[in-house]
Each structure stands twice: as structure tokens, then as C-alpha cells.
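One structure is given below, represented as C-alpha cells, and several questions about it will come after.
Labels for the chains are A, B, C and D, by order of writing; each one numbers its residues from 1.
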Amino acid sequence: MDSDNNWRERLYVMIFQTDTVAGRRFDSTLLLIILASLVIVMLDSIDSVHKNYAPVLAGIEWGFTFIFIVEYGLRLYCSPKPLRYAFSFYGLVDLLAIVPGILALYYSDAQYLLIVRIIRMLRIFRVLKLSPYLKQANYLLAALRGSKQKIIVFLVSVSTLVTVFGTLMYVIEGPEHGFTSIPKGIYWAIVTLTTVGFGDIVPKTPLGQVVSSLVMITGYSIIAVPTGIFTAELATAMRGDSLKHDCPVCNKNTHEPAAAFCARCGNALFKKLE
Amino acid sequence: MDSDNNWRERLYVMIFQTDTVAGRRFDSTLLLIILASLVIVMLDSIDSVHKNYAPVLAGIEWGFTFIFIVEYGLRLYCSPKPLRYAFSFYGLVDLLAIVPGILALYYSDAQYLLIVRIIRMLRIFRVLKLSPYLKQANYLLAALRGSKQKIIVFLVSVSTLVTVFGTLMYVIEGPEHGFTSIPKGIYWAIVTLTTVGFGDIVPKTPLGQVVSSLVMITGYSIIAVPTGIFTAELATAMRGDSLKHDCPVCNKNTHEPAAAFCARCGNALFKKLE
Amino acid sequence: MDSDNNWRERLYVMIFQTDTVAGRRFDSTLLLIILASLVIVMLDSIDSVHKNYAPVLAGIEWGFTFIFIVEYGLRLYCSPKPLRYAFSFYGLVDLLAIVPGILALYYSDAQYLLIVRIIRMLRIFRVLKLSPYLKQANYLLAALRGSKQKIIVFLVSVSTLVTVFGTLMYVIEGPEHGFTSIPKGIYWAIVTLTTVGFGDIVPKTPLGQVVSSLVMITGYSIIAVPTGIFTAELATAMRGDSLKHDCPVCNKNTHEPAAAFCARCGNALFKKLE
Amino acid sequence: MDSDNNWRERLYVMIFQTDTVAGRRFDSTLLLIILASLVIVMLDSIDSVHKNYAPVLAGIEWGFTFIFIVEYGLRLYCSPKPLRYAFSFYGLVDLLAIVPGILALYYSDAQYLLIVRIIRMLRIFRVLKLSPYLKQANYLLAALRGSKQKIIVFLVSVSTLVTVFGTLMYVIEGPEHGFTSIPKGIYWAIVTLTTVGFGDIVPKTPLGQVVSSLVMITGYSIIAVPTGIFTAELATAMRGDSLKHDCPVCNKNTHEPAAAFCARCGNALFKKLE
């Protein structure tokens, strides 16, 4: 049974790690299969394709689901702590990638749930040399975390603006110009404030156009706010803020980035060599 | 009467403060009621809902107005300085949240004024642990205040651009392509410069399309201006947690908040009196 | 004749300067008149207004032109160096504000040229306490000047992108989907790249939609470029870059913003007081 | 044969360099010809022009192709290392500018390939005093290179978002509202997320409009991400005219370009060998 354990371990290294050649090859192949399975779902949604190739595509889809079931089984089998894997983030996602394929047998609409397989694509960062990307993602996340409260303040303000402007436009323009209800007015205000401007609902009255102009200029200007918040936080996260160095006299350990003297005791932080 | 005073004081703590459990619960409940009342106004504006449930919704709306009247009365009653509350920002907003409900009895359109209740939602910042949000809002406000003059210069330039381009397009395209007047041309210029682009009015002549291209590229580029202004100011405001004091020797003017000595020249920032 | 000179000088102070009460009042009144004259031009362009009030509006317009002629005459009369004024920027603008009013007698379309009067509105900065605004405008101009070359590189790249994409879409979509010529394709590419998106011309073929997606994501991403350029330049312009201080030993006069020692000779820039 | 070599060398200087008057004049003329040839291609694509002037334009086009053939021959002839030129970037572009003109004899659609001549316009930077522009372009490229990984993280996230939202909208809205397939849904999601908003496909169901609002607000907010990334990197790249060298005492790692001593601790940056 020792050779069995050995085989299981080698399988584990191949499936779960990316350091070995086999591991990288396994992950790359897996990504390609996931991508192919996504493409099949998309193709199947095109009417003309569905009419002509529905059975073929369903067969291929089944093949992919089978592959993923086998893969999931192998992961459970070779994992030293199967339960831990099963309830980890990746484990749940891997399960989610299988379920809709089985559900699709009974409810044909369930196949669109297959699109959750895209989450599995996150493994792509493991293939493209993991660590530098993660570090970059960490910078971005640090910047986002640092600006969380500012962003909530911003989103609450935007929601308020959008509600007020949407109601105003509903009252001004009325149902005959497409503003059939307050929620529709709010939808319009979001479309306009974010500068998307579909044009399915547009103001017709002069007063409505004046209010619209206000909404548009507001939207055009306040985009500066999330951008400014994020940029300032990112610059801070990248600069790494303060000088870490123990003051030789008072042991104060963080200083202004360019400090030459300790701000607490006034002694030179770095000895001048004679 | 001492117990009455005591009861009033406890009511005051519950209604006006958020430090106690009761106070937080009161504010949370109030927010939910405000939200519910806003949802009712919105639902009532949808035609199909209005047709079938108008009396029910009007009744619920009345209930909410009644609750707000009671709440306003209690606030006046338990406040140590009722007049001061009545004329404070929140006091006026609380009053404004009631008036349209009563007006709606006589003028049915007045009910849309109920949307001002959204301003009461600002209390949400009191529930979500007040202070850090306020500090963040202060940063944003400081950045906006710091960039006020730059923003005025920017808005005046944009207004000028929009007027000139709007008139130009009116002359070039003329009423037969939807540019029926100069104000309409200006409205179009705003829609285009802010990159909203509804598409309700579009240039048809080649020359008009050339001018439009100019407007669009201008709009696409000058969005950099408010963003740049705000970002630079925000970065300054965020850095500004620092001690503003001219070093008597080297004139370095910002220091760590607790600095006793200048980090650049090592001299004491503040003279020690003998 | 001394009293005449005196009177002329007082007129000069009132018309050309904004330090005195009379001067400010004169400039404010002038701005209001300019604004009113612009509003009249705009109103006159609205068809329903024009039909009913054309003669009245023409009369008012004439009145304004008359006022501006008188004002121009007074400026020439009281200016110590009339020719210098006449050929200054403001002098030419003031003249331009009159000419179309006279031309309009012969060519009715010329009245739209009256919109050039908006340039006179620039005087508004003189009324709103001049200097801080000018300083802010200088910051903005310094930032723009500093980024001039980067902006040219950016605009050339955008023009190239737009031409290539426009031609590509013309070949892919063809005249039957609205892309009737290469210039039209370029116009579409500008509309799309700048994220305006009128929707008057939209891709219909799958390949066209793929290329469009590329254009849109490009446009969405490269807006970061002018914003980044301008923000970085503005931050530099506002920070004021370097420490100006003569090194006591080698007289090097600019240093890193936080320098404690001279980078050329290694001596302390600021004496440490014992 | 010496005079022939001399003549060839002078030709080389004129054609390949921009330091001499003749060289600048040659490059300017070439740019004008390229521009003219692009304009001809564009004009020829306009239907009404094509109908009336097709033979004339084809003739002119032929003339331009002939000029470019001659120019390419001269470049090959006078270049000291013809093969090296032929396989350089500019050499290949110069060849590409000729081929479609010849292909157009057999396939009339090939003439649109002539638009690749726009790449030759890159020579414009050589005419407008080369070096400062190249330096600026280098800054931009350095900023882009520095943010490459962050941008990949960003693009992968956007692709995921767009796929998920596109599928969701296909399921919610369905073919009867224009969302005829998942790829079409993804196309719509890109149009909306990038705030282009053509308006050719718009959500009709309330649920679809709620999801759209989410997409729009996401798109409006996350534009901050590439902008923030690029701005922070550009600021770093612009600051980076500095000397990168770890101070042996305090580890300060950037210094003025000509620094001999560390501005923070005053120690010599480089050991003096005895």
C-alpha cells in the first residue's frame, strides 16, 4: 500500500501545486477545458447554432461535466484532508461547476448556471507565476480597504442624488415622456449620472433638459471623487508611508519617510561616519 | 415630578443619542421606517400598482406620516431646548418629512415631495459608528473646499465651451436635424461633452460631425481636469494629519503630529522656556 | 481743461479698474448686460419665440449693441493710450462684440456671431476678487504646459487608433449598416472611443461587435492616460518641487524637498543649535 | 566611383537623418505625401465621390504608390546595410505601405489596407524635434510597464464581470428584448460597463434595469482603478529621474541625480578608494 500512498501523493502534487512541470501542465490543461466549456455554453445560446447543433453541443457539455466530476473525485481522493478541501473556497467553486451540468438534465435553463465555471478561471493567476500578481492584487485590495469608508460615503451620496433627481424628473416629465414611475426615473438618473446615456428615455420638456444638464455635469464632475480617493490611497499603499528604523537613542521606530533626525528626541537617526 | 424628568431624560438619550443599546435600536428602526415610507411612495408612482392598491398605499402612507408626527412631537417634548432643535438642520428636515404628507390630502401631487424624507437617511451615518465616516467626509469636504476656486475656473470654462459649441452646431446643423434652437444646441453640447451621448439629437452634416468630434475629444480629455484637481487636493488633505508649524531654523513647515524636534535639521521645534 | 482731465481720469479708474466701489459696480452691471444680451440671442433662436416677438427682440438687441458701442467709445476716450487698448486682447474682444450687431442689419444670420460676446464674460474673474483665481488658473496652466508634449503623444496615438479602427469597421460592417465611408467610420470610432456612444451608428455583425468591444475597452482604459498625466503634473506644480536654501558650505541652492544634508558636499544644511 | 559613394552618402543623410536642412525638408514632404495619400483613400470610400471621380482618384493613388516604391528603392540603395533596414520596424512598415497599392490591382478591397500607411505617420515625431517627445513617450511606456501586472489583474476582473453580467442579462431579459445570445449579452455588458451606452439594446424588465444599474455603477466606479494605477505609476516614473543607489548607512534608495552625499544622513554615498 506504500506505492499507493506514493501515487496519491504524486497526484496531489500534480493537481494541487504548480511548482512542478506536471503541475503546471495539469493546471494549463484544466484552464483550457474550462474555457472550452464556457465557449460551448455561449455558442449553445445562439439561436441559429442551437437549432442545428443542439444534440452535439449537449453531448460535449456532458463530456465536460464528466471530466469535472472525475477531477473533483480525484481532488477529494488525493487530498490529505478531503473535508477541508471540500469546504474551502476553491472546493465549493469546483463543486458549483458540476452541479448545474447535472441539473440541466431536468431543467434546461439550468445550463446557464454553468457560467459560474468562470470563477474557476481565477486559477489563471496560479499559472501565470503566482506571486507578483498576488502582490499587485494586494496593493489594489489595500487601496480599496483604505478607501472603504470614503466609498460608502460616496455611494450613499450618489444614491441620494439619484433618488432625488429621479423623482424630480418623474414629476417634471411625467409618464407621457417615458418616465412612467419613480423607479424608472431613478433608473434614468443612474443611466445619466454614470454618463452611460442609453437614450431609451430622454427628457423632452425644456425644464427637464435643464435638470438633465445638471445631472450630467454632476455625473461628469463627481467621477473625480472615486478616482481621487482610489489614486490617493494607492499612492499611499505603494509609497509604503513611513521610514522603519529604530532611533538609536529613544527607540522610536517609525519616522517621516525622509527624516534625518528623530522627531521625538532630536538625535540623528544615522551616525555620520568620520 | 422627578420621575417624569427622569423619564424625559431617558427618552432624550434614546432618541437623540446612539451610545446606548436602546438608542441604536431606535435609530435603526427609524431608518427602516423611513426606507419603507420611501418605497411606498415609489411603488405608488407605478401605474399598475396605483390602479390596484391606491387606497391601501394611501393608508400606509398616512400611517407613516402619523408615526413621524408622533416622533417629531416626542423630539420636541424631550429635548431640553425644543426651539434649538426645531431650528437645527435635523429639526427642519424632520418637519419637512411630515408637511408633504399633510399637504397630500389637498394636492395629490404633493406626495412626491415625500421624497425629501431621503434626507433623513443621512442619520444612517450615526448608526454605522459615526466618527470614522464623519472624518472621511471631512477629508472629502476639505479636498472640495481646497479646490473650490479651481472648480469655479473649470465650470466657467466648461460653460463657455458649451455655449460656443452649442451655437456653432445650431448654425451648422439647423432645425431640420433636431437643433431647433440655441438652448437645444447647448443641451446637446452638454450631453456630448459629458460623454453621456443620449443619441436623441445627432449631427447629420459632415461639418457637424467634425465639430462633434472636437467636442467629444475635448470632453474626453478635460475630464482629467476635475479629477486631477480633486486627487491632488485629496492627497494633500490626507497627508494633512500633520503638525503645521514652521521650524525656527530650517522653516520645514509640516511635521509628525507628535514631533518635538524637526526631522530635517534636528532642532527643537518649540523653545524651552527657562 | 484740468477738470476735464480729472473727469477723464476718474472715468478711466471706474471703467478699467475694479478697486473702487464705482469700478466694481460698473463691471458688475456690464456683466449683467452682456449676460442679458446673450439670453436675448438664445431666445431669438427659439422658433415659437421668434415668430411672436422677433421685432421686440431685434429692438432690444439693437439697444444692447448701442450700449456696447457707447462703452467702446468711452473706453477709447478715457484710455491714456487708446491705440494700445484697441489692439489689446480685451480691446479686440470688445470690438468683436459690436461688429456682428451691425452686420446683422444686412445678413440676418450674422446675429449668431453675437455669441462671441461670451468671451467678454471672462471679465467675471475680475469681479470675483481677481488674484486667487488667477493663481489657480496659473496652476492649471502650468500643469497643462508641463504635460504639453505628453498630450501631443497621446493625441497622435488616439488619432492613429481612431483612423485604423474606423477603416476596419468600414470594411467589416460596410455601408448597409450605416458605415457609409471611412470618414464616417472614423466619426463612429471617435464617438465610441470617447465613450459618448450616441447610438446613431451601431455595429450589427458579430465581428463588428468584437472590434467595437475592443474599441470601447481601449477607450475606457486610456482615459487613464490624460488623467494620470494631468494629475501628476498638477501635483508637481502644487508641491513646488524642491527646497530652496543655500548650502552654507558649497552654496548649492536647490535640494530634495526633505534634505537635511547637502547632496553635493555632505554638510548639514541647517546648523544644530546647542 | 568615389563621387558615387559620396552621392549615396549624401542621399543617406538626407533620407535617414533629420539634422540637416535637406533631411528635415525630405521628412516633412514625405509626411505630407503620406497624409495626402490617406486623404485620397478616405475620399474614395465616400460613395458620391467614388461615383464621380473613381478613375481620377485611382490614378492619384497609383501616383502615390509609385512615389513610395521609388522612395523604398532609394532607401534600400543608399542604406549602408540594406538588409538590416529591410527587416527593421520602419523598413517593414515602408514595405507594407506599398504592397496594398499593388494588390488593389487585383482585389479592389485591398485598397483599404492602404490605411496602414498611417503607421508611417509615426515619423512625425522625428520631424517635431525628436528627443523630448521620445522621453515623454518613454515616461508613458515606463508607467505602463510598471503597471502591467495590475492592469492584467484589472482586465481579468473586468472580463469576468462582463461575462457574468452578460449571461445574467441574457437569462433575465431574453431574446425578445434584444439579448439574443450570451455573446450578445456580453457585448451589451461591455457597452454598458465602459459607459458607452449605444442604446441599441436596452433592458426592458424591471429586474433587468436593476441589474443594469448595478453594471453602470460598477463601470462608473471601477474606472478609478486603471486611472489610479496609471497615475501612481506615472508619478513614480516622473520622480524617477533620480539616482537609484542604496545609501550604505541609512538605506535611503533614491537621490538627486548628481548626489555625492546622502541628503538624509550626510554620509558619502560612494566609498572613496585610498
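The definition used in the following text is that a contact is a pair of C-beta atoms (placed from the backbone, for glycine too) under 8 Å apart; a residue touches a chain by one contact, two chains touch by 3 or more.
Because the structure is predicted, anything quoted here is derived from the model rather than measured.
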Smallest count of steps, each to a touching chain, taking chain B to chain D: 1
Chain D against chain A, contact positions shared by both copies (same if over half, else different): different
Chain centre separation in whole Å, for chain B relative to chain A (CA means): 28
Centroid distance [mean C-alpha coordinates] between chain C and chain A, Å: 40
Residues within chain B bordering two or more other chains: 183, 195-199, 219, 223, 227, 229, 231, 235, 263-268
Of chain A, residues touching chain C in the complex: 195-199, 227, 231, 256-261
Residues on chain C engaged by chain D in the complex (per definition of touch): 149-150, 152-154, 156, 160, 163-164, 167, 170-171, 175, 180-183, 186, 192, 195-199, 202, 206, 209, 212-213, 216-217, 219-221, 223-225, 227-229, 231-232, 235-236, 255-256, 258-268
Residues on chain A engaged by chain D in the complex (per definition of touch): 38, 41-42, 45-47, 109, 112, 115, 118-119, 121-122, 124-125, 128, 132-133, 136-137, 139-140, 143, 151, 155, 158, 183-184, 186-187, 190-191, 193-200, 219, 223, 226-227, 229-231, 233-235, 238, 245, 258-260, 268-273
